[in-house]
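In the two complexes that follow, subunit A is the common piece, with subunit B as its partner first and subunit C second.
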Partner chain A sequence: MRYDSVIIGGGLSGLVCGLRLAKAGKRCVIISAGQSALHFSSGSFDLLGALPSGESVGSPAERVAQLIEQEPSHPYAKIGAEAFVETAEAAKQTLVDAGVRVSGDAAQNHYRLTPMGTLKATWLTLDGYVRSATEEGLEWKNVVVMNAEGFLDFYTQFIVDELRKKGTTCRVCSFSLAALDAIRNNPTEMRSANIARIFDGEECIAQLSEIISREAGDSDAVLLPAFLGINRYDVLDELKRRTGRECAVIATLPPSVPGIRTQIALRRAFERAGGVYMLGDTVAGYDEKDGRIERVYTVNHGDIGFSADEFVLATGSFFSRGLEATREAVIEPLFGVDVEQAASRGEWFERDLFAKQPFESFGVATDGEFRALRGGKPLQNLYVCGAGLSGYNPLTEGCGAGVSMLSAVRVSDNILKR
Partner chain B sequence: MQKEFDVIIIGGGATGAGVARDCALRGIRALLLERFDIATGATGRNHGLLHSGARYAVNDHESAEECIRENMILRRIASHCVEETGGLFISLPEDGLDFQAKFITACRAAGIAAEAIDPKQALRMEPSVNPALIGAVTVPDGSVDPFRLTAANVLDAKLHGAEVLTYQEVSELIMEQGRVVGVRALDRKSGEMREYRARITVNAGGIWGHNIAKKAGVTVNMLPAKGALLIFGHRVNNVVINRCRKPADADILVPGDTISLIGTTSSKVPFDEVDDMYVTADEVDLLLREGMKLAPSLEHTRILRAYAGVRPLVASDDDPSGRSVSRGIVVLDHATRDGVEGFITITGGKLMTYRLMGEWTTDLICKKLGVEAKCTTAERPLPGSRKEERERTEKKIHALPTLQRESSLHRHGDMAERVEATTAAKRSIVCECEEVSVGEVEYAINALEVNNLVDLRRRTRVGMGTCQGELCACRAAGLMAEMGRYCTSRAKQDLAAFINERWKGMAPVAWGDTLRESEFTKWLYGGVCGLTTKKEEE
Partner chain C sequence: MKMNTIKETSQNNFEQCIKCTVCTVYCPVAAVNPLYPGPKQSGPDGERLRLKRPEFYDEALKYCLNCKRCEVACPSNVRIGDIIQLARLKHSKKSPGLREFTLANTDLVGSVATLAAPIVNATVALKPMKAIMDAVVKIDHRRTFPKYSQGTFEGWMRKQREAQAAFERQVAFFHGCYVNYNNPPLGKAFVKVMNALGYGVQLLDKEKCCGVALISNGFVKQARRQAKVNLGSIRTAVIERKLPVLATSSTCTFTLRDEYPHLLGLDNADVRDSVELAVRFIYRLLSSGEVQLRFRKDAPKLRVAYHTACHMEKLGWSCYSKELLAMIPSVEMVPLDSQCCGIAGTYGFKKENYATSQAIGEPLFRKIEESGCDVVSTDCETCKWQIEMSTSKRVLHPLEILADALE
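Here is the complex of A and B:
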């Protein structure tokens, strides 16, 4: 099989990269092992929430130069402060063009409401999620927080207590629906994605609308767990239309229904642009000649290789198996390229899990073009984007999704320039 | 009015619980004080091995005899805590067979049924055993759940009138005219100091007993010995596997519930570290290296966590250098030993002999109080192990989904019927790995003295499966807050603390899937949920 570009990894980064290449007329294939980090998305995409020094960031656009100064190994350093806003804008546009409705601006972070009820700085948020322009509190002064009886992956009181502290009047409403009993009787099935499948049905939407109309009282908005609409996008709009109320959702424990929907939307857009998405396949080997990857082989396709001019490694970090930790060292399992890491296992961790963990910044070493290094030298046509990159902390710096998307944009640009 | 007690027992490990139960059954009014939760010290940090005594047979005949006697007693009185797996002592080529003959003779002399079998037969009995073995001996080893055992003793003590208070840290012994007449304790929940009085105070504080004794001005020379263990993600073996040689590091592999355990290392640690034991990378490597010799498949088995306990080794009174240590039971009557009336220290021993330690201590208490009653703890089954009740319970909860029913019975024995399961909401699963329902969590919170998520884990196994508390921790924190155990901001602190407690055990073994799991946990709680350990600004 012959392609212009082979992208290994079908998560946020691989999809953004693939979409841009396919739209530019490249023949692309994405080889995806399965689930990605989008399956436990918060509903938002972070760009830059704090500097390595710990100082919080209001405007990523204004502060990125400082970030690069403090942490020259950061992937944003390879994008550069000048091109940062433009690259972020291109990444956002890629989502919007794929039908993923997001809003937000690199010039100014806004705040998302966490399942713990706190407000956290972010860049883009999916439409329908509760968000706020400031950290001080919601724009709504009076809300009802609703949950389905027996759904344990969303705890209303966490949210209500925090919102009250920030001056919002809150009421809790627990509701039951006959249609939910069917899954509730099988106790392990009371999970967000299963509930969402039920709420995709017209009758359930009608019943939920009635409950909302009955319970909403004089509130400004009704807040629900993000368990609405897995195969359709309009459930929340339907609820708003039928009740004439503001309705918004808050992230639940995984799986993330809007995250899964985003993954599906991006994949469909990629396929519409002519890309081939191979789900459930894993790269198992490759041919290399003179520092160039010539083709890769997968488990499902055996000795039928995928040849291409460029290869993109978007396999993620540990969770997605883009990086693999053995007892001795962290390796990149597909190509055995260089991984930046601490010398011994004793130095991988901090005792407080919530602190900045050294292992979180381990990743594949790349040159200024995001090409993977092996033995310190770049492979000519193996690019790396996404969570597998080294030199940054996605959580403490609040930049995980940003690095994934912006590095994908830059890699696709670099490939198109060749 | 201050309640009156005959005895105050300090320490809620197996020993303290055993003393409390024995006292209660003999009509002595007992108060047990524990500074954290029950079974949090060495009791909860060992193999959970129901020793046959074979390990001690060659070097310590007396301990071996005690072990096998107690082993047989526990099978009767604590059947819901015990799994009768049987055990193997294997000889590897590097061990030779010389030890085996001596070993079998010594076992039999102690009353331990030890039978040499063909190595091929051993492999059929336990397919995970190292196929290179050149000899094998079967012994009546088994596994025992130390927490469940302690909890059952506490429960029975309470059923017979004892009072058990957790999160009460003894800060001072009240001395009057050279005798101990009570204690002052800090209530860790309210921050208040409380005073309790009794004619006798028993120091059952394990390694912490060293400092408790000091409060009475007496010296008990203890040596803290750290023992590290690894928990594997599934049940590698169904039969306990030991090495047939002189006891050494990492030579016992024990199956327990859904997992297997390898241990232990042994190293002296200073007293100021005993409250916070971390397992080092070197200890993990040693355990794994040695463990693989027992069962080679351990090399590729996921390790869930590493943990360490501190054994209270007691130096003989006549050897202040501490070189001659005993693993036997040590009952110290400080009246005769040090001239301090009303104070007893019970220490040394092992989990296996907790009941006997309780018996000896209570015998001494009875002598001092002039109570005639005889010990009955060896005959009376513990709550959870009462045969008729168990059969009745099984019938009562028959309608539950099989996995839930079995898990619940397994954890609570005949008390399982108290788990509410009449509605779908109560049957909803909180922890998928361990099949823990909302009803079971509520039962534990209401009836089993749960103050935080770690307490809840000990009682229900919430968060002990392969995911180490990924989703269940958050669900359980919600339920705890819902039931008014604490406010939501404490619930969130508790959640972060619980996740960090899990991390403490995971970090030393965080490679492969365990690191993947940890990264996910961090993304979920640190990222999506925005949870931190930073103090909230009010």
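Here is the complex of A and C:
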């Protein structure tokens, strides 16, 4: 099979890269070994929450130069402080054009409400999620946190405790619906995605609206778990319209319903732009000549390879097996390209689980154009974007989604420039 | 070529599950039937318990369609569907009855039915007969059985032997029960396309039903017996005669290649890669540039919506069918998301599964009606029955459309 670009990995980064290439007229295929980490999305996309020094960041746009100074091997250093805002804007626009409704600005972080009830700096948040302009607390002074009886992937008490500390009066309301009884009998399937399917139905939206109207009292807003709207986008809007109340959602434990919606929207947009998305297949081999990848082979397609001018490695980090830890070393299992890592296993991690973990910043070594290095030399047409990159710590710096999306934008630009 | 092998810590790789819950999102059954515990609980989670004590086996695993969409979605390469099917075969206490026997023995029933096709077709279509089947054997009365043909495909092929042998290049054809007993025209369309490409078609020495319905209805010993016959014939074709073995049914192909080793424990590694869908073989041939197909100029315009059957999704091969269809000048492709139609072979024919089956398929039926297509195309015969029973559209195999467009 002959393509212009083959993208290996169908998560956030691979999709953003593929979408931009397909829209520019490239014939693209995305090969994805199973569904992506978007299924665990918090509902927000972080750009930069803190510097490596630990100092928190209010404006990623203003502080990125300092980040690059402190951590010259950071993927943002390859994008450059000058192009940073423009690249972030292009990434955001890619989501918006695909129908993913997000808002936020690289000039100023806002704060998302975590399932633990804390507020965390972030860049873009999907419409409908609870968010705040400041770290001090919510704009609402009196809220009701609602949950469906038997839904165990959402801990109201954590949220209530934290919100009270921040000066918001908070009440818990647990509700039941006849339509939920059937899945409640089967506790293993009482999950966000299955509940969302029920709330996609008009009748259940009407019933939930009645419950909200009855229970909301004098509260400023009603907060619900993010288990609304898997095949439609307007469930929350409907609830607001019918009740005349402010309603917003908070992330649940996986699977993430808004994350699934995002994955579906991006994939559809990619396919609409002419891209081919192959799910459930694993790249297992390749042909290489003179430092160029010529073709890759997959488990499903066997002898029928995928040839292309450029290849993009967007296979992610440890979770998605883009990186693998063996006894001796951390490796990139597909092409065996260089992985930046600590010299010995003893230095991979800190004993304190919550400390800054060195293994988090391990990843594929790349040149200034995000081309993978092997033996220190770049492969001519193998680009890397996403979580598999080295030189950053997504947890302590709050920059995981930003690195995935901005590196994808830059890689697509580099490919289009060739 | 540099190839890596996929690492699996054990054959039954339930321990690779990291409990991420992605499979539960894509299970078509769990979405509509609360009695089914879902792929994670039925598969890797339940397996851990069953290994400890077989009494933990839950008969609700019978609701699994074996569509393998959980495996396609799994980011950790866990063979969830296989784990569930193996557990059913190993632990289920429910012995299959008359209904299961009738539905699963496509070979036996087919060879009897084709002898008296008009009578059988008319009888099973009668309302009183449907009522009896519904009440006595629990086959849902809203189902329509595929019609049996007068005379089998094998019978027709025997008359073609000389003509087919005249071609220098040859392929063997695993026709499957559906082509043989119900739809010989599909087999003839395949032969027409292969001949146009310069290939003659031969039958295998001895072909039995691939066994997919036997496996899903619990007749594992019979399935293994038939699989051994098929593997013997396939080996003769592949190893002695150096012929590729092609099929038109995605489910037969998937069963021969993957269910034999995974569910029946039969090693087919020596011939697996030589068994493939005709669409894949034809795609490879056409992209090599060695041969070309000539299309007729007067073919009527046709808007085609391609439906990806579940086992086609698992094989990952829908691209070949779509590429071949898109190559036909008179065809315009209409996009359709890959989703389960709900029939899953014999599953949807059973009275207790009817509601689940239709609820699973409903979004697909709606999309098909809205698509504005003239026909639906799919590589799976049971999807064809389901879509024809549940929408206003006719369903054709990609090769039927291709054969019809040839000069």
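Simple rule for what comes next: the second predicted complex is superposed on the first by the 418 of 418 C-alpha atoms of A that agree within 3 Å, B and C clash if a C-alpha of one lies under 4 Å from a C-alpha of the other, contacts with A are read in each partner's own complex, and residues count from 1 in each chain.
Keep this in mind: contacts are C-beta pairs under 8 Å (C-beta built on N, C-alpha and C of every residue); 3 or more make two chains touch, one makes a residue touch a chain.
Computed from a predicted model, the values in this text were never measured in an experiment.
Chemist: Contacts for A:R345 in the overlay, against subunit B (first) and subunit C (second): which applies, first, second, both or neither?
Modeler: After superposing on A, A:R345 lies in contact with subunit B but is clear of subunit C.
Chemist: So, A:Q157: does it touch subunit B (first), subunit C (second), both, or neither?
Modeler: It touches subunit B, and subunit C stays clear.
Chemist: Of the two partner chains, subunit B (first) and subunit C (second), which one does A:S42 touch, if any: first, second, both, or neither?
Modeler: first
Chemist: Quick one: is A:K120 in contact with subunit B, with subunit C, with both, or with neither? Answer first, second, both or neither.
Modeler: Only subunit B; A:K120 stays clear of subunit C.
Chemist: So in the superposed three-chain picture, is A:P254 touching just subunit B, just subunit C, both, or none of them (first/second/both/neither)?
Modeler: Both subunit B and subunit C are touched by A:P254.
Chemist: Can A:L334 be said to touch subunit B (first), subunit C (second), both, or neither?
Modeler: In the superposition, A:L334 contacts subunit C only.
Chemist: List the residues of subunit A that touch subunit B in one complex and subunit C in the other.
Modeler: Common interface on subunit A, subunit B vs subunit C: 40, 185, 188, 254, 319, 321.
Chemist: Provide the residue numbers of subunit A that touch subunit B in the complex, in ascending order.
Modeler: Its residues touching subunit B are 37, 40-42, 114-118, 120, 149-150, 152-153, 155, 157-158, 161-162, 181, 184-185, 187-188, 190, 251, 253-254, 256, 317-319, 321, 324-327, 344-346, 348-349, 351-355, 357, 359-360, 394-395, 400.
Chemist: Tell me, which parts of subunit B touch subunit A in their complex?
Modeler: 278, 280-281, 285, 288, 401, 404, 424-425, 427-430, 432, 437-438, 471, 474-475, 477-479, 481-482, 487-489, 491-492, 496, 499-500, 503-504, 507, 510-512, 515-516, 518-534
Chemist: If we count contacts the way the header does, which residues on subunit C are in touch with subunit A in the complex?
Modeler: Counting only subunit C, the residues touching subunit A are 1-6, 18, 20-22, 24-26, 30-31, 34-38, 40-41, 45, 71-77, 273, 280, 283-284, 287, 313-317, 319, 335, 337, 363.
Chemist: Spell out the part of subunit A that touches subunit C in their complex, as residue ranges.
Modeler: Going by the criterion above, the answer is residues 1-2, 33-36, 39-40, 182-183, 185-186, 188-189, 191, 193-194, 197, 231, 254-255, 260, 268, 271-272, 276, 278-282, 284-288, 295, 297-305, 319-321, 333-334.
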